[in-house]
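Two complexes are shown next, each including chain A; its partner changes from chain B in the first to chain C in the second.
Let's look at the complex of A and B:
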């Protein structure tokens, strides 16, 4: 069976005054209907650019998809003309963004903004679209939806705005919902509500979700698959359980170690990854993570690590991935640092 | 909302008193040179009896605050006094001139809106293109060109150099209009372009920068992600946001134009409010100056209020005196 979305060796670069920013450099994954893929990585690792590339929303000529393939239900998205891509956007693939404060247009009523894609893709009249928008607001749990549809975004709280964004994205019943850090700008309690809402709606509508986040913790319950990105590269990809429990990459270990753990008492130490993410113009040679990796050896700055299969459908791009004894927690002392 | 309007109208009262008091002080004996009676009669010799009569008629023997009281009382009755130079009421003079000013202001504002907004949008949508560079350069030049100089340049070019071709149409001052072989609006072209020039350049620049700012906002990406065409994204989502400051500028500018464009009207001998005040200042025709300034102040205040109210219509985030959140 062909995957719903298939991304192969995707590379998107920005051509700036200071040099070429390799924002996304060789990403591959596939997404099946109704499944959830979590894309995890530090800020600046290329998560948003990956999402925008799939939607073909990279602003040319500064940015360009320089390599790779994106197939939606077997059709090449990159080969489509502008109007074919527009038919996809908002209809088959919808997207919500990080900051619900700024992602809604301040001068249009919320109901109108939700109804807009229905008028566009479903050719509903303005009135019918507005009625449907009210139902959608109700579906995402906004009280008094009929009144609230007439409100402007500034009359909504942050959490309600993100709910409205979700309603907008689900208006045309898309096959894929790309959520780019949908809870980062929200308080912790609201975060949990929004994630719960998304899971619940996914169950109801069968929409596949690409959940972008910098926090592995929040996707633990939701994700079927996890992809970890570092400096524009895919460094680990596989089924969520496998990645969480049998991760093959020291960077992922770092992410896991920096999660606050509820099962350990106060002695449980948080181990943040030291150092700064690299500039994407001068990406370190060999393995991009080597300057910050405490297991780095002589080969690491020299050779780009290939992606190795460390479990079923589970890949890690590290020279030592899968070797005996090279597992999270074992080499903790860091005695092997070159 | 009604409360807000009411408060704004109340706020106009001190401004109004301030302006009129200032004008009264300016004409107090010793502040500006000249004997008020001489201003009225001119240089011809007059009898003491006539002098007495003039002083009585214009209440010039009264103390200043008394004169002010009389003036304001008449003003509230809609009487702005009588011109010193012509024996006509100030209200009649301006009632005669105002339609000319209004016509010129409307023509200029139409140019300003159409040309300014279009140039700004084109310039922003095709950033760094030839059109953008052209708009940016020409607006930089226009904002620094003195209006009267531009007016004279246009007159020389179209009225003298191209006289054969235009038949002198665009050069004629209004006084000759009745005998002109051209329809009225032809005579509006050059003064309207002159009056609109600087503002059009400003509108284009504000429009360009606002449009660029709007197009960089997150909600534009949201609109694109919905699958809207570029045209819909620009003209629906970006434009409505970008227009808000432009509307304010145009509105206030219209207020200024309505109150008479002194330079443009003078250069083109356009018989409007501004030129009338300009002439009255030269002749020390005090009631005309004072009446004219009062009319201007009232018009500007009313238009500013309308602009502020239109802001609330355009930008839902602003609701004057609305319900607290």
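Let's look at the complex of A and C:
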């Protein structure tokens, strides 16, 4: 079966006064209907730009998709004209943004905003769209949806706004929902509620989700597949279990080691990844992660590592990935440190 | 109160304040405006002036005499204020009160029409400039700079000199000169609104440029324009007065505040009422517009919660 979304060697660069920023540089993945792909990485690793590129929302002329292919149900998204892309956006591929406080327009009633994409894509009348918006608000668990639909965004709490955003995104029953750090701006209990709501709705509607996050806890809960990004490059990609338990890249190990755990033993201090994420204008030579990598050897600054298959459908872009003895924790146990 | 009744109550309140889409926002703004005493004073004064001006034909000529009728009989000219002529008469025996009231007509008309002209030009250019940026932005903003580079009054006089001094040309000149400021204010307002995530959200929803511009950006960007526009009316009234004072504006015998001041300047000490009343009218009316604009700035600030 053809994948719902197929991304091949996607590269999006921004042309700034200071040089070319390779925000996304050679990303490939595929997404099947009803599945969840988590895109993980530090700030500035290109997660959001990947999402925006898929929807062709990169602001030209500063940024441009310079290479690669994006196929939605077999059709090339990059070859579409502006009106075809607009038909895709919000209808087939919908997006939820990070900050629910600012992603609702303050001058429109919530119900009106939710209904807007229905008026746009389904050509519903204002009244029908409003009625449908009330149903959607009910679906995302807003009490008294009929009254609440007549509220303005500032009358909603943060969690309710994110629910409203989800309702808005699901209005046209999209095939793919891209959630760009949907819970980052919310407090922890609300985060859990929102994630639960998303999983629940996914089960009901069969929508595939691309979840952009830097929270590995969320990934473990929701993802079928995981893609780890670093400096615009795809570092590791594979089924969630495989990436978590048999991860092949030192950066992924670093991410996992820097997670707080509840089953800590006496030497269970958090191990942060040292150093700073690289500037995307001066990406380190060879493997972009080598200056921060405790396993780096002399080949690392010289050659860009190719992606190797380290498990079924599980790829890691490290020179040593998959080699015997090159496993998580080797450095702590006295492995070489560059 | 249970949540349900509270919701019902607030729903009711919303319905009371207004029915349709955007009016609750304005309802809120108006409630905030009402609390600002100076702004309300301005609004009241503007209302009084407008009402006096509109109804002037009915009651001013019968009570105080026609503003244009010249009465040169002995003792008719330069009368001090009295019951028959509350503001006195000028050197041609015309009633000053009646001339001040009719002068308001000129001032308000010039103010409103001139600012409307500025708004139409300024909003379109400002919107294009802010939304599209790049070459259009540079073109519009550099043209605005050119306008700013000229001394305002001199530019107005030069325009009038070309167009010829008349009532109509005054507001054309003032209107043309006013667009750069409006365009700048609107451009910067759009630039900041454009960065909001709800604009990205609208784009991600598949909205077209026009829809984003008119439905998502404009309504959020007009507040500063309403404020600036209100204040500009005051500015336009002053400019009209200045042009008329210099003889480049409204031509005699049409009563205009600036013209009245100009006529009175040689008689300032013999008949001070000739300068005091038009001057007072200009001062209070301009002040009223400025105060109201200022009050609206606070009232329209969505972030100001009560």
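As a convention for this text, the second predicted complex is superposed on the first by the 330 of 338 C-alpha atoms of A that agree within 3 Å, B and C clash if a C-alpha of one lies under 4 Å from a C-alpha of the other, contacts with A are read in each partner's own complex, and residues count from 1 in each chain.
Keep in mind that, in the parts below, a residue touches a chain if its C-beta (ideal position, glycine included) is under 8 Å from a C-beta of that chain, and two chains touch if they have at least 3 such contacts.
Every value quoted in this text rests on a predicted model; they were computed, and no experiment measured them.
Clashing of chain B with chain C is the outcome of superposition onto chain A.
Contacts of A:120 after superposition on the shared chain: both chain B and chain C are touched. When the two complexes are overlaid on their common chain A, residue A:89 makes contact with chain B and with chain C alike.
Legend: residue contacts after superposition of the two complexes on their common chain; A:112 is shown touching chain C, with no touch to chain B.
Of the two partner chains, chain C is the only one that A:144 touches; chain B does not reach it.
In the superposed model, A:3 lies in contact with neither chain B nor chain C. Using the contact criterion defined above for the overlaid structures, shared-chain residue A:99 touches chain B and also reaches chain C. Touch counts on chain A: comparing chain C and chain B, the chain ahead is C. Legend: residue contacts after superposition of the two complexes on their common chain; A:154 is shown touching both chain B and chain C.
Common to the chain B and chain C interfaces on chain A are residues 55, 57, 86-91, 94-95, 97, 99, 102-108, 116-117, 120-121, 152, 154, 165, 168. Every residue of chain A that touches chain C in the complex is listed here, in rising order: 55, 57, 86-91, 94-95, 97-99, 102-109, 112, 116-117, 120-121, 143-144, 147-148, 150, 152, 154, 165, 168. Residues of chain C touching chain A in their complex: 3-4, 7-8, 11, 14, 21-22, 24-25, 196-198, 200-208, 211, 216, 219-220, 302, 305.
Considering their complex, residues 55, 57, 86-91, 94-95, 97, 99, 102-108, 116-117, 120-121, 152, 154-155, 165, 168 of chain A touch chain B. Taken together, the chain B residues at the contact with chain A in this complex read 217-219, 221-229, 237, 240-241, 244, 314-317, 325.
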